[in-house]
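Across the two complexes that follow, subunit A remains constant while its partner is subunit B and subsequently subunit C.
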Partner chain A sequence: MSDMTELNEPVEDGHLVRDEVRRISKSVHARRVATSRLMMVLCAVALLVAAVPLVMLIAELVKNGLPQLNKAFFTTEPQTPTLIAPNAAGGVSNAIVGSLALTVYASVLAIPLGILVGVYLAESESKLASILRVIAQTMAGAPSILMGLFAFSFIVHDLNIGFSALAGSFALAVLMMPVIIIATEIAVRNVPNSLREAGLALGARNHKVSLRIVLPTALSGIVTGTILAISRAVGETAPVLLVIGGGFINQWRPLDPVSSLPLSIFENAKSQWPAQRLQVWGAALVLVAFVFVLSLTARIWATRKQQVRN
Partner chain B sequence: MTLVPTDLHVHDEAVAEFNSATADRTWYHFVLLGAAVLFGIISVGFVGTIFWSSLPTWLHHGVTLLTGKGWSSPNGPFGGLAMIVGTLETSLIALALAVLVGLGTSIAIVFLVPRRLRNIIATLVELLAAVPSVVYGLWGLAVLSPWMAVTVNPWLNSWPFAKVLFGNPGQEFGTSLLLASIVLGIMILPTFVAISREVIAVVPQDLIEASLSLGATRWQVIREVVLPTAKIGLFGATFLALARATGETVAVALVAGGVADAQFHLLYPGTSIAAWIALTFGESQGNEIAALMALGVLLMLLNFGFSMISRALVNRQRKILAIV
Partner chain C sequence: MADIQSKTATTESISRGPIAMQLRDVAVSFHGRTAVRDCTFDIAKNQVTSLIGPSGSGKTTLLRALNRLHDLTPGAKVTGQILLDGVDIYRGNVTVTELRTRVGMVFQRPNPFPTMSIYDNAVSGLRFNGIKKKSLLDEAAESSLRSAALWDSVSSRLKVSASNLSGGEQQRLCIARALALDPEVLLMDEPTSALDPVATLRIEELMTSLKSRVTVVIVTHNMQQAARISDDCAFLLMGEDRAGELIEFDTTEKIFNNPVDSRTLDYTLGRFG
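Showing the complex of A and B:
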């Protein structure tokens, strides 16, 4: 009997302890849940903060740029405003022509070579291939101003060709090549080996298999990478800044000095003439629209590829 | 019927065909190899030409370039300390901003955003990365810098010890090292998010579910399981963003103010290596071009170093997850 009384007391204590534990665990749980909620809300806020610049930037581009766009903007050469005609800034046709010329020449230089090197990296196991892979990856992230320094030293100075579209497109081609190489290598590596073997089993030769089976299968990946490379090149200022010479006239031949949209934005952004500072927004809007269209096209190509796969 | 060709003629044909197949292979390989070697030459030329053009500066004024404070065109001395300090200051502040916001963004994209919206957000991040840097520069110059001058700078200067961090009130500018850092931070954010999102998304689901089944809250899962598992890859993303920040040129050239003065007051104008090359190259000749090339070599070393570290880390993360 005395055992019972002795036992009862700890049991009552046990209730107290259990309640206490429950109370504490509840508060710990509440705190954990509260912390979790707070942190997840902070993450959501971070996402919103990240979206703010994009929204603000596009709003400003449309607000300031759209009023600038008219026929004269696209078709006339620029002119420097004067005290008598402070609003006569002309158009940006020279920059549009120059940008197109630079992009075309750079593509001609970079795309064939880039694709060939990419295929080589995908199909070769040699030491050279592994070295070139690291080089391509490093060059893909290299500061674009360095391509400008390279083109200046090599084309403008050493070869004595002078400030020209050729020098600018050389700089842009060096910039584009690594992007195309990496995209091509990945696309070619992703082609299932069974397709290659099927081709070989049917008696096709190695290069036939490559040209007729592997490349067509990898095409959408290669196109995606190439479009991304072009869209990067179109918007670059730093590499062309040092070597294309600029100027107000519509010029497009390889050895002519040319202008480009990014360059004209860079040069006129700090202009003392309000008309030029406004016109720059029009050029920026055109440039961003062009680049966005290219990126979205690349993305659509990429998703189409996935759908075909699946 | 016999499998062994008895007719010698047929046999010859087979041999000929075999030979032409190997010849094709050599021809095809020759073209690919030629392209690869050409690319190798171009990239060696890329590094070699810039280094070669900078050689006079390294031989005669190397110390000045690394530690000198003044830059006077056209005859020198050409001191690069201001640009080196400016590059590191702006990149590191930009990195801090981008990692803070970017990590939250990546977690939100992976754990909060419904699957259907994820693609749209990924596209938006890509578009943010596709905006040319000169457009960011224009936006920073025309929109952010007046806002900094009128609203933000006076507010920052009302902080205690503001003088130490920001410089004397009244001498600050709209275009400053701080504005350059903010614009840079916005520009490298998509680079960081692209990789960190991927690294976080591939953390194995069983680890997450095991942790949830033990009663962990969502944040506990992220802090105790997801982030530690993804840690190395996240450092990789950080170094890649840092590499991009150091090389960013025209945006910094437009919004940093373009003054070569080695100092740490964030609201004063400054410059970076890349921006300084862009701003001064047009009017430079002879020795000054060599000095700018030498700055280019420094930039290349910084950038290549950071991107190599980044690649090593991301590759290690891939291996770790392959084992898990």
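Showing the complex of A and C:
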């Protein structure tokens, strides 16, 4: 009986637990406010520290790059300065044409294949699918120079095609593919099953459900992933370094050597001529602007995706 | 066999008009585990038949067997007979895609195709089945949207994305999408559980008005809803082995006012579930 009384006491007292919670909550309130402010300050400081190198980089890039940008920079092929004309470095049109060609060829190789494999991984439960998934994930993290080595030994050497845009775009395609595969798989998996069922319940066959419902719904995710893969490929130096051969002329034929913006930067940065070293900044600015536009496009697609979801 | 007869005893007494679908000892199992069994009853043509029962009693599982939506679930098996117009939908001379155009389905959550416009959603079933003729599609879009009481509010914005509609409108669009194929039977899986009371009321009114052109089978958790809108009612309950089974099938009036089984009475009175 005494036990019962003890148990009952707090209840008769009012609300022991509730009172205690309120007391503690009051006593720690001031400390919580102070901690919260301190954390905010720390976050702000961290943000500043992180932003400083980024801002410096962009400022340096614009400061040195912008004066380089004129019509001749985009439209003329490079030339080697001489003692008589030390500032005659020409333009980088060869690198722009080469980069565009490489990107287009790599996209043609990687995008259809990557999307199909991604859809397969999302829809199949087979052993092959899980093996492919592991390979794609490993490849996504592989150092990009590896793709260059592979393209060199396979395309340039074994197939005896030589230094060429094809070899470079092959290396870039191998680099892009895992990114596209993974993005596609995620996008297709994210399509709610209820939409597939809705299609089936209307008498649609499986391939129609895939083509008319699943792919369009997943499209924004696939496009976002693909654009990110392209923007990564555009800026890559290592994979193309070993295989595209370079050269000063504007050319886009797949079997001949080409230049590219990253390669031109790599070569010119080592130049003894200040004019060529300055040109590097212009090329870098063009490259960054291109990647920026691509990422922005990807972002816009991603927001579109969310609107569809909501 | 004796079991089946005892179950049909109640159904025979109420088979009044023509029959749309017949269920004979239907059971559904997943990987050998029975989810629902012993379902024998007739679905009367141009009537609303409701499936009621607590969670886990197998209502939705049974409903999805009626248009073979379990076909794609690995390990799912449907036994017994389900007859549509006298033809066994699992073994008879009917393809699964044809069956699904004849037995439409509306799901628990509105699921219009988000990348399609209102118009494209309404005619999607027709397009999936190869109908391309513009005049036919236009006509089907208007008549199905009218039947779903949606035409007046969307006729001016047919090209707008279906995701812009409210939840209730989306669900009516899903009903229109199913109706566009002019099915004989419309299956509805708790079609109002994600909707507010006003939208729910509109769907309920719609179901009553649709009776003249389509047979409706509805799963509902809401007993008032079953009482309000259905003509016949099947009560399912989870058995001791956690498999759902049909307890009683009769007219809704009888199920709610004078059921044979005491468990039915307990459930409709809200004593459990």
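Criterion: the second predicted complex is superposed on the first by the 266 of 310 C-alpha atoms of A that agree within 3 Å, B and C clash if a C-alpha of one lies under 4 Å from a C-alpha of the other, contacts with A are read in each partner's own complex, and residues count from 1 in each chain.
Going forward, a contact is a pair of C-beta atoms (placed from the backbone, for glycine too) under 8 Å apart; a residue touches a chain by one contact, two chains touch by 3 or more.
Since the structure is predicted, the reported quantities are computational estimates derived from the model, not experimental observations.
In the superposition on chain A, A:L69 makes contact with neither subunit B nor subunit C. Looking at the superposition, the partner that touches the larger set of subunit A residues, subunit B or subunit C, turns out to be B. In the superposition on chain A, contact is made by A:R212 with subunit C only, not with subunit B.
In the superposition on chain A, A:G199 makes contact with subunit C only, not with subunit B.
Of the two partner chains, subunit B is the only one touched by A:F266; subunit C is not. Contact with neither subunit B nor subunit C is seen for A:I249 once the two complexes are overlaid on the shared chain. Touched by subunit B in one complex and by subunit C in the other are residues 205 of subunit A. By the touch criterion stated above, subunit C contacts subunit A in their complex at residues 67, 69, 72, 97-101, 104-105, 107, 109, 111-116, 124-125, 127-129, 161, 163, 174, 177-178, 181. Those residues of subunit B that touch subunit A in the shared complex are 21, 24-25, 27-28, 31-33, 35-40, 42-43, 45-46, 49-50, 52-53, 100-105, 107-109, 111-113, 121, 123-124, 126-128, 130-139, 141-143, 186, 189, 193, 217-220, 222-223, 240, 243-244, 246-250, 253-254, 274, 277-278, 281-282, 292-293, 296, 299-300, 303-304, 307-308, 311. Subunit A contributes residues 192, 194-195, 197-205, 208, 212-213, 216-217, 219, 307-310 to its touches with subunit C in the complex.
Residues of subunit A that touch subunit B in their complex: 32-33, 35-36, 39-40, 42-47, 49-51, 53-54, 56-57, 60-61, 64, 113, 116-117, 119-121, 123-124, 128-129, 131-132, 135-139, 141-150, 152-154, 157-158, 174, 177, 181, 205-207, 210, 231-232, 234-238, 241-242, 262, 265-266, 269-270, 277, 280-281, 284, 287-288, 291-292, 294-296, 299.
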